[in-house]
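Several structures are given next for inspection.
First chain A sits with chain B, and in the next complex the same chain sits with chain C.
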Partner chain A sequence: MIYGLGGALNLAYGQMAVMSAMVVLFAMDAGVPALPAVGLGLLTGALLGLVLDLTIFRPVYRRQGEARVLLSLLLTLGLAFVVDGFLTWRIPFRGLTLNIGGGPIDILGVPMRRGSLLASAITILAFALLFAFFRTTALGRAVRSVIEDEQGARLVGVDPRRMLRLILIMSGFLAAIVAVTRAMVTPVTVTLGFEITVFALIVTVVGGLGSFPGALLAGVILGIVNSIAASYIGTFLSLIILLAAAGITILLRPSGLLGVRE
Partner chain B sequence: MSDQAVSTEGTALIGGAERRSARSLGALFLPLLAAAALLAPVPLWLGDSRVLMGVALLGLAFACYTIGFNLIFGSTGQLFLCVGALAGIGGYGAVLLADRQGVPLLVSILLATVAAGLVGGLLSWIAVRRSLGVIFTGIITLIFALAFQNLLLGRGDLTGGESGLRIQSGSDSFLGDRILSYYAMLTLVLLFLLVHGLLRRSHFGWGFRALRDDEVAAELTGVNVARYRVIAALVGGAMLGLAGAVYAFSRGRISPSTFAFAQVDVVVLVMLAFGGIGTLLGPILGAIVFTIIDELLVELGQLRLVALGALILVLFLWVPRGIIPSLGSVFRKDH
Partner chain C sequence: MPTLELRDVGKSYGGLPAVDGVSIGADDGEILAIVGPNGAGKSTLLKLIVGLEPATKGTIVFDGEDLTNYPPHRIRQRGIALVQQTPRAFPSMNVLENVALAALFGRANAHRDEEKALARAGEALEFVGLADRRFDHVGNLNLHQQRFLALARAVAGDPRVLLLDEVMAGLNDAELATSISIVRAIRDLRHITVIWVEHVMKAVMSLAERVVVLNFGKVLTQGLPQDVMRDPAVVEAYLGETSQSA
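Here is the complex of A and B:
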């Protein structure tokens, strides 16, 4: 989950995911087979990122530092309200569920649902592709240079504005992937936006802002902590433990698990 | 074309305003008196309506929250996203002390206020010690807010869970009367404004301003950045706790949603940004305007959220610095 890159926060991230899920839902309602419908959903996510970039992120990127964070926070918050309010008004009880057929598969003696397995596989694949993109391609390196130092990137001939646009498009695309993979495990309802945003936020910060392996590692660790705590202790304490784990990680390593210290 | 231009107005959104503020005591007390004169007669024409007095009380509570948040965020740049949680510590703390332990009303409010202040100070101390930036402070405090919220829901035996608590104590005191509790809350608003105003005028104010404008330079010239931040969070946290406690007793019942992130922090952020971050009177202006707007939007029913969101979008695309600083630069005379 790309998040908070380019010095801006996108609090409408979960809403982007939910909107993509709704597009998949409606496409499937209209009789489109599941696979093209999902493709359409991913396209929607990317498109939403582009639209966001062309509209409310224009004034955001014109600012620097703290002012940029704050403005992006407020604007995307407003957008999240609009999307949430509209969706709960028009389609309050709809939820996207993608059923992956077949019974559970045993892996090392542990029964796993096919949906969860496929979801994990897609997530890992997406991460691998992202990682490869950022490490090996010139474009990926250009994007990273903007994340690290906008002025420096500009000086060596990288146009920060175009890279930031690319980041948002990819972020939208990934939000759609999150929505789709999540729909394979639990229904993605219209009210899920805020939860997705918060979880993405925590994972990113724990993993290290702008660090992709860190985000993956943090996601896995927090997932494990969550399920262990949930099965041994009550659900309410498990969430607190999850949050405490995230908090402690940030305190011990303010730049995240795999983040680079400034 | 225009989006290529990166301006250097780094601090445009934060501060910049009211640099000329409060030279004399009159400049401090005049706005206070104006606010008092504006808000004091409200019960005269709303007093008969239970519902509208409830709205007015909530508005004042939000004014208190926003002033507290303004002191922490606007003055010292610490993005505390746990305004609701700190107010909740005050509210739930005082109610549980008074109802379950039989602690006298005022003592319980005092204890809860101290507790909220200490928690605020502790969070700030952690953030300062680990030198967390804006985003990280925001996220740590957001995590704290979510954990607190889950604690309220989880300890249903103590807190009544989702449905909340009916408060027994306090109903026979002055806080049980809706007119008197309105004035109690108004007193808090004015008191908080006064405290914030005095802080800004004292050497703290110079410290705040210095560290907000340039932290490194402030540190180098001998401003103890860490101390100022922690003190601001202590005082601000206590304000939030006090307001939360008084609001809880005046309202007579509380639930986790009374202090939820989406119900409190989001609104406070919008109110403050609308009024002008770091300005003295911004919080109260933002609180009044947004309480009225919110009440008008109630008739829209489910579309209220959409309208509120759209309003936020339009507002910050149009006047990103907040109303008071923008007005200030329009009438560049005196403000």
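Here is the complex of A and C:
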């Protein structure tokens, strides 16, 4: 979410997800039941967003335009490497898996894993709540005003720093949801951070910066492309095919699928 | 004591002064026009007042409180609103949502009551004559209507001082007459002090109660519109050319 907001990039997004997953893992190791452990993981994601806002994003938001993009890119990329390196050094072989019990469920004659279905349901619910927040609440409209015109937002009395802080906290919370839902399908290992970041970045750019319906549409389309490529061609080529699909989309529609043309 | 007072306010870019030691004040309920040639520092002065640009010297006092270099959202909430020459509506929101946002956030100690904000926004739209367009997409408004929308956004927060930056540029005679009557109503009915940067001298002469002339970032003279217009130095340096073009 932070990609489209205030012209800043968070390349440590995947690491936020992995750190949240590790908190869930260690909580469960310590005997905490799965549901409270997941709650702790979500709280961790939100807190990480707040910590980012209070630390490396402070100098970022003091700058405007290109300087803001570049500084956010450099600082968060550096942070991502540090977090990745630390986790790989200290707990190289750990991964979070959330086993959802029970056999597959038939959907239109296709057997679906319960974990996949639950993950999809949580994702759709999260998106619906997010969409409702941005569309129907005054606070959501205030955030949108900052996304669309930061100076204009200031002139109607909206404090952009507060809105940017809120969005980083929400972004961290969503990163934790990404980790938890992914762990229902496949293990979230300590080295997964950059893969999550790259996929999120591709989805955002293809969907259109700042467009939530665009991000959803791009996520679904690219997810299908990724799955087909992984199943029929090979996992080793799926990222290349994904990038090629994203590249073609951007060539045809530079503002993204549902982005606003400048 | 003036409601808004600028004391020796200055702004330099790379050592070059855009505004150079300006000291002016606007009284409660006054309509004060600021005129001068392009590059005189008029728009920069308004940006300094609302905090969009930091002043490099001087103080800006509003109701006895020093607001110099406060962030723009806090200045807006204190009661100073700006309408810029190029209207900047939020494109994903309809007309009413645009104004409601200002009604909700553009007030001091706002209680964030959305119902009341919507009511105030509706009333502000009624005031500027856009009530029947409230659910329209802002992209469907023409420039004239977008300026009225900007005015509605400004007055919806119940400001004490309204700053207008060349809001009458490019209007035809009918649009100009409507704009003049709305600005006059803003002062008369809402008791808002208006500080108004303008090039259209016909509008200035019919609406302003006092005129400040800026040149090269400094105050050249100030006074009643008819007196300023008769000042030979002003006529020769600034108003002669503008009067002909207006």
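Note that the second predicted complex is superposed on the first by the 253 of 262 C-alpha atoms of A that agree within 3 Å, B and C clash if a C-alpha of one lies under 4 Å from a C-alpha of the other, contacts with A are read in each partner's own complex, and residues count from 1 in each chain.
Throughout what follows, contacts are C-beta pairs under 8 Å (C-beta built on N, C-alpha and C of every residue); 3 or more make two chains touch, one makes a residue touch a chain.
The shown structure was predicted, so the numbers you read here are calculated from the model rather than taken from an experiment.
Student: Applying the touch criterion given at the start, work out whether A:251 contacts chain B, chain C, both or neither, answering first, second, both or neither.
Tutor: first
Student: Once the structures are superposed on A, label A:187 by its partner contacts, choosing first (chain B), second (chain C), both or neither.
Tutor: Neither chain B nor chain C is touched by A:187.
Student: Report for A:64: first if it touches chain B alone, second if chain C alone, otherwise both or neither.
Tutor: first
Student: So in the superposed three-chain picture, is A:138 touching just chain B, just chain C, both, or none of them (first/second/both/neither)?
Tutor: It touches chain C, and chain B stays clear.
Student: When the two structures are overlaid on chain A, which partner does A:36 contact: first (chain B), second (chain C), both, or neither?
Tutor: Neither: A:36 stays clear of chain B and chain C.
Student: Residues of chain A touched by chain B versus by chain C: which partner has the larger set?
Tutor: Between chain B and chain C, B touches the greater number of residues in chain A.
Student: Take the contacts of chain A with chain B and those with chain C, and give the residues found in both.
Tutor: 159-160
Student: Applying the document's contact rule, which stretches of chain C touch chain A when the two form their complex?
Tutor: Within the complex, chain C contacts chain A at residues 50-52, 71-74, 76-77, 81-82, 84, 88-93, 97, 100-102, 104-107, 110, 112, 114, 117, 153, 157.
Student: List the residues on chain B that touch chain A in their complex, please.
Tutor: Where chain B meets chain A, its residues are 2-14, 77, 126, 130-132, 134-136, 139-140, 142-144, 146-147, 150-151, 153-154, 262, 266, 269-270, 273, 277, 302-313, 315-317, 320.
Student: Can you check the complex and tell me which residues of chain A touch chain B?
Tutor: Going through chain A, the ones touching chain B are 4, 9, 56, 58-59, 61-67, 69-71, 73-75, 77-86, 88-89, 150, 159-161, 194, 198, 201-202, 205, 209, 234, 236-237, 239-240, 243-244, 246-247, 250-251, 254.
Student: Show me the residue ranges of chain A that touch chain C in the complex, using the header's touch definition.
Tutor: Residues in contact with chain C: 138, 141-142, 144-145, 148-149, 151-160, 260.
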